[in-house]
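Paired with chain B in one complex and with chain C in the other, chain A is shared by the two complexes that follow.
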Partner chain A sequence: MSIWDKILQLDRRWIYLMVALAVIFPLIVPMTFKIYITPEVRQLYNAIDSLPDSSVVMLTFDYYPSTLAETEPMSVAALNQLFQKNCKVLTLTTVPLGGPSIAERVTRKIAKKYHKVYGVDYVNLGYKANYVAVLKGMGTSIEAIYPTDNSGTPLSKLPMMKHIKNYNDIKFIFVVSDNGIVDYWISIVNAQYGIPVGSGVTAVMAPKFYSYIGSKQMTGLLGGMKGAAEYEILVKERGMAVKGMTMQSLVHLLIIGLVILGNVAFFASRRNHKKGEHF
Partner chain B sequence: MRTVVPVIIAFLSGFIMIVAFFFNPDKTILGKIESEVLVWVTIVGGFTLLLGVVSITRVNWQAVKTKKKGWIYNFLTLLSIFVMAIPAMLPSSWSPFFGDSSGSVYDWLFNYIDAPMMGTMFAMLAFYIASAAFRAFRARNAEATLLLLTAVLVMLWRIPMGEAFLRLFSDSLPQMINNYVMNGVNLAVQRGILIGAALGAASMSLRIMLGIERTYMGKG
Partner chain C sequence: MSAVEMIQIWVMAFFTLAIFSFLYKDNPVYRVAEHIFAGLSAGYYVGLIWKSVIIQQLWEPMMAGSWWLIIPGLLGALMFARFWEKISWVSRISLAFVMGNTAGIFLISQLHGLVLPQIKATMLPLGGGGGLTAALLAIIIVLGVISTLIYFYFSKEHKGALGVTAKVGIWFIMIAFGAHFGYTVMARISLLIGRVYFLWNDWLGSLAHIF
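Up next is the complex of A and B:
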């Protein structure tokens, strides 16, 4: 058996070990690399930055706990930018598993930092089943769909909600998601009500949404942890995404190295076998 | 009767939603009906969640009762559902452990068991992807080679170290990948898929409204 055959039959546990080391190594030896800002991220940042002071912005937490590593830094950075600009933030989720809890935990933490008051500066609407009806229904009346907030307080008792009736009162919608709900925010809310929608999605989902950026139906896009890291830099609040970039870099490089090694070994082994057949 | 009534409901619901789009919801009866229907849909959606819980309880309870192979997992599923749901449904005024606010049983279980477990499952993908990429990603023909090269370029572009490496060749290389790969070829393909899927969804909706498509009633 040649060296190339041995490489091709490499035990997968060695690969798992290499991935583990690539993740652990930056924790021991910190490394920093310059993060360049892509136009899609800058577009999202600028869209929020250009909103008038005290504008109402809807921020969604449409993600499951499994993708927190990619999506939560986006929500945190978004809240930082929105509260820095004194925007009124309306949060909600279309994901039943964890969405309301994540929204509550993240929003309260960031709001505390900026001394924002619940009900005055931000409101968490929570979760309602059947997202298509929820998205469409809020175009007529948010209160009809969400009579109370996440903790059961009637919306009529929250000062911030007195001036927010439907999408007409919302200046921008920031969708942070790990699932297909983004399509509905575009096709229902942006297309039918003309509200600008920007989004932060997982890296595997991001390529799909370039078509919405191209058609100007989406105003800015954060793609995966890299998008979140770029956004953190623009907001000037470096967090988990910037920290995670080194680990992601090493794992990407490892995968690229393994693909190259696998191909070299594959073709070298095939050539050796062909030579062997001739003799 | 069992076929005609659902078809009529499906037709009317779809028809109202389509036609009402062209009317002001505040000033016309049709618009008001649309708003009302949308509230109904969210209520029905809530009941479907309840139906899901009833269904999962029945299936798992049956397996526990008959001591089916692996019944312990069915038991754990039931235990997880009720331990998480019951304290969350009880009013927080009774105890700080009830409800779903910070400090409740639900919140604790979610933050310290559910979220880490789901995160772990997702993180394990990195190990499988690395192993699969090593074994399966081969430049066997022109198409596969093109895919492989594009994947490598995009993977490099999406990381700071990779971008720094690409900039060694040309400062405009990362921008070119963004312009020609993501906003070029990728955009065109994704748009084609989206338009195809949207046309498919529209035709399926029409089939349901006209009663041609009846699989949702359990009929072919």
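Up next is the complex of A and C:
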């Protein structure tokens, strides 16, 4: 058996081990790769940056705990920028498993850093089932859909909510999601109520949403950990995404190398076998 | 770090490593973790729906005077008729309501919110002010859309001009698949990074508190 045949029959567990080592290596030996800002991320940053002081922004936590590595840095960076801009933040989730508690944990942590007060500077609406009805209903009345916040406090008792009745009072919607809900924020809320929508999505979903950027239905897009890292740099709050991109880049280099090696081995092995057939 | 936080971290680390153990081979520890995850998710979901839908959106408003909510409540209850063969047809009343309602909402939102804006964004004027690059990109978009649509036209054999255009369509589809695959690799590695980062910082970090 030639070396090329051995490479082609390599046990996949060796590849898992190599990937694991590539991820762990930057934790032992600190290193950084340069991160370039893409126009879609800058567009999202600029859209929020240009909002007037005290604008109300809706930030959604439409993701499950399984994708926290990609989505949570987006939410953290978004909250940093929104509180830096002195925006009023209205958080909610259409995801039942984990969404409400993630929103509560992340928002309270970042709000504390900027000395923001719950009910005055930010409100967590929590979760409601049937997202289509929720998205449509908030166009008429947010209070009708969410009579109470996530903790059970009536919205009428929260000072911030006195001037927020429906989408007309919201300047921007920032959707952080790991599922197809983004389509409904675009097709129901942006298309029917005209509210600008920007989004941060997992890398798997990102290619699909570039078409919304092209059609100007979406104002900015963060694609996966790379998008989150770019956004962290713009907000000047480097966090998990920037750290993760070093590991990401190393693994990508490894995968590119393995793809090239696999193809070389495939053609070399085929050539050797053809030669063998002639003799 | 409190004792509760410490226990949380160790439970999380155990289940993370239990799931990762499948990469070596299937094993009982992996299966235990998988079953606990499925059971916990189902239990959590039932509890959440009970509180947020049945109690908050049905029972409490009804008790507050919105008695008309008994109608959607009954429609929901009819869905359970599917468990009894003789009266299972009754559940179709609720299904008919859901289908009619959904079709009405989605007809407008999909057409007005997705189809028409995307068609509009495909047919861009060549002299729209974006210069030569914008004009070239507009041509590529139109070429990509038409050739891809032709690839999925199966009522005529792909020969001659139709065949050539369909082949161009395949190239566009392959490029799209490549972009999707690249992004998928990035997404999956991101999830791995998240877990490894947790194990390295939080779990191994917790050892420093113990020793």
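One rule holds for everything that comes next: the second predicted complex is superposed on the first by the 279 of 279 C-alpha atoms of A that agree within 3 Å, B and C clash if a C-alpha of one lies under 4 Å from a C-alpha of the other, contacts with A are read in each partner's own complex, and residues count from 1 in each chain.
Basically, contacts are C-beta pairs under 8 Å (C-beta built on N, C-alpha and C of every residue); 3 or more make two chains touch, one makes a residue touch a chain.
No experiment lies behind these values; they were computed from the predicted model shown.
Novice: Will chain C clash with chain B on chain A after the two structures are superposed, or do they fit?
Specialist: clash
Novice: Would you sort A:214 into first (chain B), second (chain C), both or neither based on which partner it touches?
Specialist: Both partners, chain B and chain C.
Novice: Go through the superposed model and pick first if A:33 touches only chain B, second if only chain C, both, or neither.
Specialist: First partner only.
Novice: Could you say whether A:137 touches chain B, chain C, both of them, or neither, answering first, second, both or neither?
Specialist: Only chain B; A:137 stays clear of chain C.
Novice: A:264 contacts which: chain B (first), chain C (second), both, neither?
Specialist: neither
Novice: For A:184 in the superposed arrangement: first (chain B), second (chain C), both or neither?
Specialist: So A:184 only meets chain C here.
Novice: Looking at A:129, would you say it contacts chain B, chain C, both, or neither? Reply first, second, both or neither.
Specialist: After superposition on chain A, A:129 lies in contact with both partners, chain B and chain C.
Novice: Pick one for A:21: touches chain B only (first), chain C only (second), both, or neither.
Specialist: A:21: touches no partner chain.
Novice: Looking at chain A, does chain C or chain B touch more of its residues?
Specialist: Comparing touch counts on chain A for chain B and chain C gives B.
Novice: Does chain B (first) or chain C (second) touch A:66, or do both, or does neither?
Specialist: both
Novice: Is A:240 touching anything from chain B or chain C once the two structures are fitted on A? First, second, both or neither.
Specialist: second
Novice: Which chain A residues are contacted by chain C in one complex and by chain B in the other?
Specialist: Chain A residues touching both partners: 16, 19-20, 23, 66-69, 96-97, 128-129, 132, 136, 183, 187, 192, 203, 207, 211, 214-215, 223-224, 226, 248, 251-252, 255.
Novice: Please give the residue numbers of chain C that touch chain A in the complex, ascending.
Specialist: So the residues of chain C in touch with chain A come to 23-24, 41, 44-45, 48-49, 52-53, 56-57, 102, 105, 108-110, 112-114, 117-118, 120-121, 141, 176, 179-180, 183-187, 189-197, 200.
Novice: Tell me, which parts of chain A touch chain B in their complex?
Specialist: Spelled out, the residues of chain A in touch with chain B are 10, 12, 15-16, 18-20, 23, 33-36, 38-39, 64-69, 96-98, 100-101, 104-105, 108, 128-130, 132-134, 136-137, 139-141, 144-145, 151, 183, 187, 192, 203, 207-211, 213-215, 223-224, 226, 229, 245-246, 248-256, 258-259, 261-263, 266.
Novice: Which stretch or stretches of chain B touch chain A in the complex?
Specialist: 17, 21, 25-26, 31, 34-35, 38-39, 41-42, 44-46, 48-49, 100-102, 106-107, 110-111, 114-115, 118-119, 121-123, 126-127, 129-131, 133-135, 137-139, 148, 151-152, 155-156, 158-164, 174, 178, 182-183, 186-187, 190-191, 193-194, 198
Novice: Once bound in the complex, which stretches of chain A touch chain C?
Specialist: For this pair, the touching residues of chain A are 13, 16, 19-20, 23-24, 27, 66-70, 96-97, 127-129, 132, 136, 147-148, 183-184, 186-188, 190-192, 202-204, 206-207, 211, 214-217, 223-226, 240, 243-244, 247-248, 251-252, 255.
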